[in-house]
Amino acid sequence: MPEPEMEGLTNFLYEMGLLKRYKRTGWWIAGIDNPESIAEHSFRTAIIGYLLAVMEGADPARTAALCLFHDTQETRIGDVPSVGKAYVVTAPNPELTADQVADFPAEVGQAVREVVDEYEARETVEAQLAKDADKLECLIQAREYQAQGHEDVPPWIETSAAALRSESARRLAEACQQVPPRQWWKAFAEAYPRLVNPRRQPTEPSHAEADAEDMPDRSVAEDVRKR
Amino acid sequence: MPEPEMEGLTNFLYEMGLLKRYKRTGWWIAGIDNPESIAEHSFRTAIIGYLLAVMEGADPARTAALCLFHDTQETRIGDVPSVGKAYVVTAPNPELTADQVADFPAEVGQAVREVVDEYEARETVEAQLAKDADKLECLIQAREYQAQGHEDVPPWIETSAAALRSESARRLAEACQQVPPRQWWKAFAEAYPRLVNPRRQPTEPSHAEADAEDMPDRSVAEDVRKR
Amino acid sequence: MPEPEMEGLTNFLYEMGLLKRYKRTGWWIAGIDNPESIAEHSFRTAIIGYLLAVMEGADPARTAALCLFHDTQETRIGDVPSVGKAYVVTAPNPELTADQVADFPAEVGQAVREVVDEYEARETVEAQLAKDADKLECLIQAREYQAQGHEDVPPWIETSAAALRSESARRLAEACQQVPPRQWWKAFAEAYPRLVNPRRQPTEPSHAEADAEDMPDRSVAEDVRKR
Amino acid sequence: MPEPEMEGLTNFLYEMGLLKRYKRTGWWIAGIDNPESIAEHSFRTAIIGYLLAVMEGADPARTAALCLFHDTQETRIGDVPSVGKAYVVTAPNPELTADQVADFPAEVGQAVREVVDEYEARETVEAQLAKDADKLECLIQAREYQAQGHEDVPPWIETSAAALRSESARRLAEACQQVPPRQWWKAFAEAYPRLVNPRRQPTEPSHAEADAEDMPDRSVAEDVRKR
Amino acid sequence: MPEPEMEGLTNFLYEMGLLKRYKRTGWWIAGIDNPESIAEHSFRTAIIGYLLAVMEGADPARTAALCLFHDTQETRIGDVPSVGKAYVVTAPNPELTADQVADFPAEVGQAVREVVDEYEARETVEAQLAKDADKLECLIQAREYQAQGHEDVPPWIETSAAALRSESARRLAEACQQVPPRQWWKAFAEAYPRLVNPRRQPTEPSHAEADAEDMPDRSVAEDVRKR
Amino acid sequence: MPEPEMEGLTNFLYEMGLLKRYKRTGWWIAGIDNPESIAEHSFRTAIIGYLLAVMEGADPARTAALCLFHDTQETRIGDVPSVGKAYVVTAPNPELTADQVADFPAEVGQAVREVVDEYEARETVEAQLAKDADKLECLIQAREYQAQGHEDVPPWIETSAAALRSESARRLAEACQQVPPRQWWKAFAEAYPRLVNPRRQPTEPSHAEADAEDMPDRSVAEDVRKR
């Protein structure tokens, strides 16, 4: 028999596991066969929210927490795609959250409800930045699907960019539309020689050589930059 | 040409996208063919960290932020499995983070480095709870794989439980080992009649009937509880 | 420029493609990571409907057609899980279908609307058998997931069995709960020697031997039967 | 002990489940890593057959039934790719079906054999339209893979189009080659404002706003149309 | 324009890529949704062949080469499941290989044909051991699927074991049926303390501690051994 | 109780199974969501090594064996991506192999260690060709991902080509960069009429016709050649 006070929390943690399995349905509409999960989207949304809040002078940890919980109701109603909302009415998210945490120890349930209520009310700077993070994450993911060859994602990029409210989110969206996903490892690869020297003591010269072969070489990296 | 100050941030956000693709390697060792991503693990870890912190009187948003970033270095070094650590030495995580945020606007890079430094130092209550959240998430995921039929996950459950330090994490781990993953939707299904009445106005009686057919009925739910 | 009369049909066929990507959400709740698509479910539902109608003296082709279209509205509203219906109100399926076929040539749209209207009204024998086919398919799929090791599917088996209305569906459900999924190829393997003789003229004796090695032998098949 | 008369049917339904797992091998040749299942192909083929038959004044439900069963023999012989047929001789499909239904109640087996015999003889209008539906489905799927970035599918589009016999299938194929897969949801998205007004009563203004943000806006939809 | 002598080889290497996509169909029959590829099976078969040959005093590299090419014809005929061979006649593998290498430089084509001819003739010790390796690989994979929860694989284990001819393969099969898949990393985990000391110089004590937490501890490993 | 001499071998074979699950991490960096396994890469690497050795007058079976084992240590250390090697020091591969085979019968362990030692020393022609095969396989896989639409793989093509040492590998790499992946089945499809005549005796004319419909026709094949 589980301790009664722990049972509601335990149920909630298993319920959250469903977000690892649930896919973001919008990407199916965009033609992606096996898209990201809601958990994956929420992870990067929270990272983005943290950064945006620092840039905008808001509370970064609080913003990240708002992002973390922003889709947690979808365990119960699924991820109704935007185009489907003409046909579907769902209970308000704060009501769903209230049901999810009904058997929590009181102060824990309260802390979760406050996060969801704040996000849904969209009144604090943190809540507005969390919404921007949600949209910006969608834009970045669309850019990544585009680099995988998917032709039908531009509306997701453009609609997400158009929905952004904060100056920082708009500047980031602008940069993300110019910088391709491959850029990050190109920059990383270029830093390799500088990184490798102070830190590595290869014991076998033949290995060092093999590693050099494994590295995208300088001229290739130059090419990548120019694309 | 992207705005120079945005370029480092943009690269970082694309780099974080890699955590949606990288799988948690320990599960491959446990025999799971297509396991969760690092992003998915980090998502629920942060949810757990938030709850644990409320229970322990620590800062929940800060704890969630520590959890969010706790595996972000794995974009560069992969997820070296525990058993492999006898053969591998990696640079300390704070050094990796410093490289990842080198081109950030100063205060943003600083905010990320502080989160990683605090987590790695394991000195604050929040850092200790974030580590507990990491372990507890592993235990819960192992329980879910077990319910899918995987026979070889018990060591992950037991080792994770043994590593927990806080009272709240230990109580939760105890409950998770007693409560099966199916319990959450059994509780949800039982609440259905209570939930459905105040909220729904089905316009077509034949639909309401169809829905009733779609619901696991009470006696079934009773069975689930007893298993 | 596409021929205007063909455009609505073309859009509909691409829209139906979405059902290959959309997963049946109930299975995610049951803990299955990568479950069947709605298209896959609809395929076997229609096969079952065809057989049930022959058994019950109804129109088999009509019943199969009702089954084929029974979830086609889910391209627009997703597959809301049963447990979620307490929180979600969706437009009636006939309205959704009317929108989907609005730009069809008139008699084609009419033919699709009639199928959906008949299924939803649940008044004809064929419509009742199509609903039974839907439930029986779910039961059979649950049995298959069970044989893959998934522990949490029994409520899907029991609820589906309890919802069946026709005598033939009930007899089939009874048999499906007794016969394991592996039975079909055991019966097939046992028939191998009888099947192979009249039909094959192996030109190379060494090949015939290799094939014999590849076949589950008789004693094994016996074992399977006894499990 | 299952009821003897039900056992053959039960085995067949489990055997049909294999078509959810079997992939269409032609797509592997075309370079698609994780292509559709035979069940998914058969589902949309039957939908297409239903529509084609209405357009051509044939029996739509019968045509759909012919489509449903047209690949059911592949549980026993696999999906031998076209290019491989130079090396492989398989038993005629009606013989395979006869073996599959050998233990059926007589009239049910008869009904299945008749469907397969009619399809294979290719003499009725319905059988010819079912074959056209098979080819047209392949063409449409190829167009969808193309929109996902796959460069090597054009031969599947062109060969399928060239094999069509009926006027309606040719007109549809023409339109499918001009209309991109994204067109369906563009049309859907454009209808959103018209759809949403008569039907929705959003209780919370802030929600209505959020939804508006989630919708691809008009100008974007215009862009999609022009691509 | 590619160099003519290289074109046949290049085509062959792309053709071999298909074996990464083609799944082993027998596992679909056994109920596995997303089974291993033919390339994956061939890889471990070749490893096994190498070891068996050393044990039996045969030529290990030659045996591995026979294993490598043993299923390469399946790019053209697919992997016809054993139970299906009653309905299918395929061209002999040496003929298929001759077609595959027809445009090779003469001595390269000759070297590939010799490998396939030797394997198919089953006359040399190496060819017999390669066949044993093929069967033993199937047995081991079945054991791994069993540990993932799949209930229907025992016939694959038993039939494979029964088909083995060499003493070494039989002894290995015997051991594989007694030793569970998890055993390898249990042994590895137990060796951890011995492995880690001579090799690692952890620079940060707190890290060493964290690592210790990450390791399945001794008592757990003991438990695993006893299961 | 397993026979002690077999236990080390059995563990090793299960350990090798992990390479079917482990993905090649470099492709995740390149943006591929679900890339090939290490086992799949090793399979084609060994095929390539066999062919290269014939072309260069080296020992083909020995070269294939070196290729087979070249990544077998990654079960213990994972596949550290090239760009990550600035942050990671791993034990030398021969040490890892020595640990993996420690409980082997002496001569079997010796035979495996010799293969790994020879590969890592890179002194024999066979070892150098095996390294070339490793690089060439990466190039070919990158070309295949490119044909699937992935835009970010060119650096993998160029870096791999630049690392090749043998004349034969360079000529093959040149051809692979000119010949698209679809070329192999185009050549195969063109050979169809020649292949089919001497070998097939279709018993049913209507079938022969259906097959003809299934074949990409000549003019299409011509188109493919010209792309």
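For reference, chains read A, B, C, D, E and F in written order, and residue numbers begin at 1 within each chain.
One rule holds for everything that comes next: a contact is a pair of C-beta atoms (placed from the backbone, for glycine too) under 8 Å apart; a residue touches a chain by one contact, two chains touch by 3 or more.
Only a predicted model underlies this, so the values are computations on that prediction, with no experimental measurement involved.
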item	value
Between chain A and chain F, the fewest steps along chains that touch one another	1
Chains in simultaneous contact with chain A and chain E	B, C, D, F
Interface residue overlap between copies chain D and chain F, same or different (over half shared)	different
Most distant chain from chain A, judged by the mean position of its C-alpha atoms	E
Contact-richer chain pair [D-E vs B-E]	B-E
Listed chain pair D-F, A-B or E-F that repeats interface A-F [over half of contact pairs the same by residue number]	D-F
Averaged-CA centre spacing for the pair chain C and chain A, given as whole angstrom	35
Chain centre separation (chain C, chain F; CA means) in Å	38
Where chain C touches two or more other chains at once, by residue number	29, 31-34, 76, 83, 86-87, 89, 91, 144, 148-150, 181, 185, 188, 191, 195, 199
Chain-chain contacts as defined at top	A-B, A-C, A-D, A-F, B-C, B-E, B-F, C-D, C-E, D-E, D-F, E-F
Complex contact set, residues of chain A against chain F	34, 144, 147-150, 180-182, 185-186, 188-189, 191-192, 195-196, 199-204, 206-207, 210-211, 213-217, 220-221, 223-224
Interface residues, chain C side, partner chain B - complex	29-34, 82-83, 85-87, 89, 92, 120-122, 131, 135, 148-152, 154-156, 158-159, 162-163
In the complex with chain F, residue positions of chain E that touch it	1-3, 6-7, 9-17, 19-20, 36-37, 39-40, 42-44, 46-48, 50-51, 54-55, 59-62, 64-65, 68-69, 72, 76, 91, 99, 103, 105, 107-108, 111-112, 115, 140-141, 143-144, 171-172, 174-176, 178-179, 181, 183-185, 187-188, 191, 195, 199
Parts of chain A lying in touch with chain C, wherever the complex brings them together	18, 21-23, 25, 28-29, 31-33, 76-81, 83-84, 86-91, 95-96
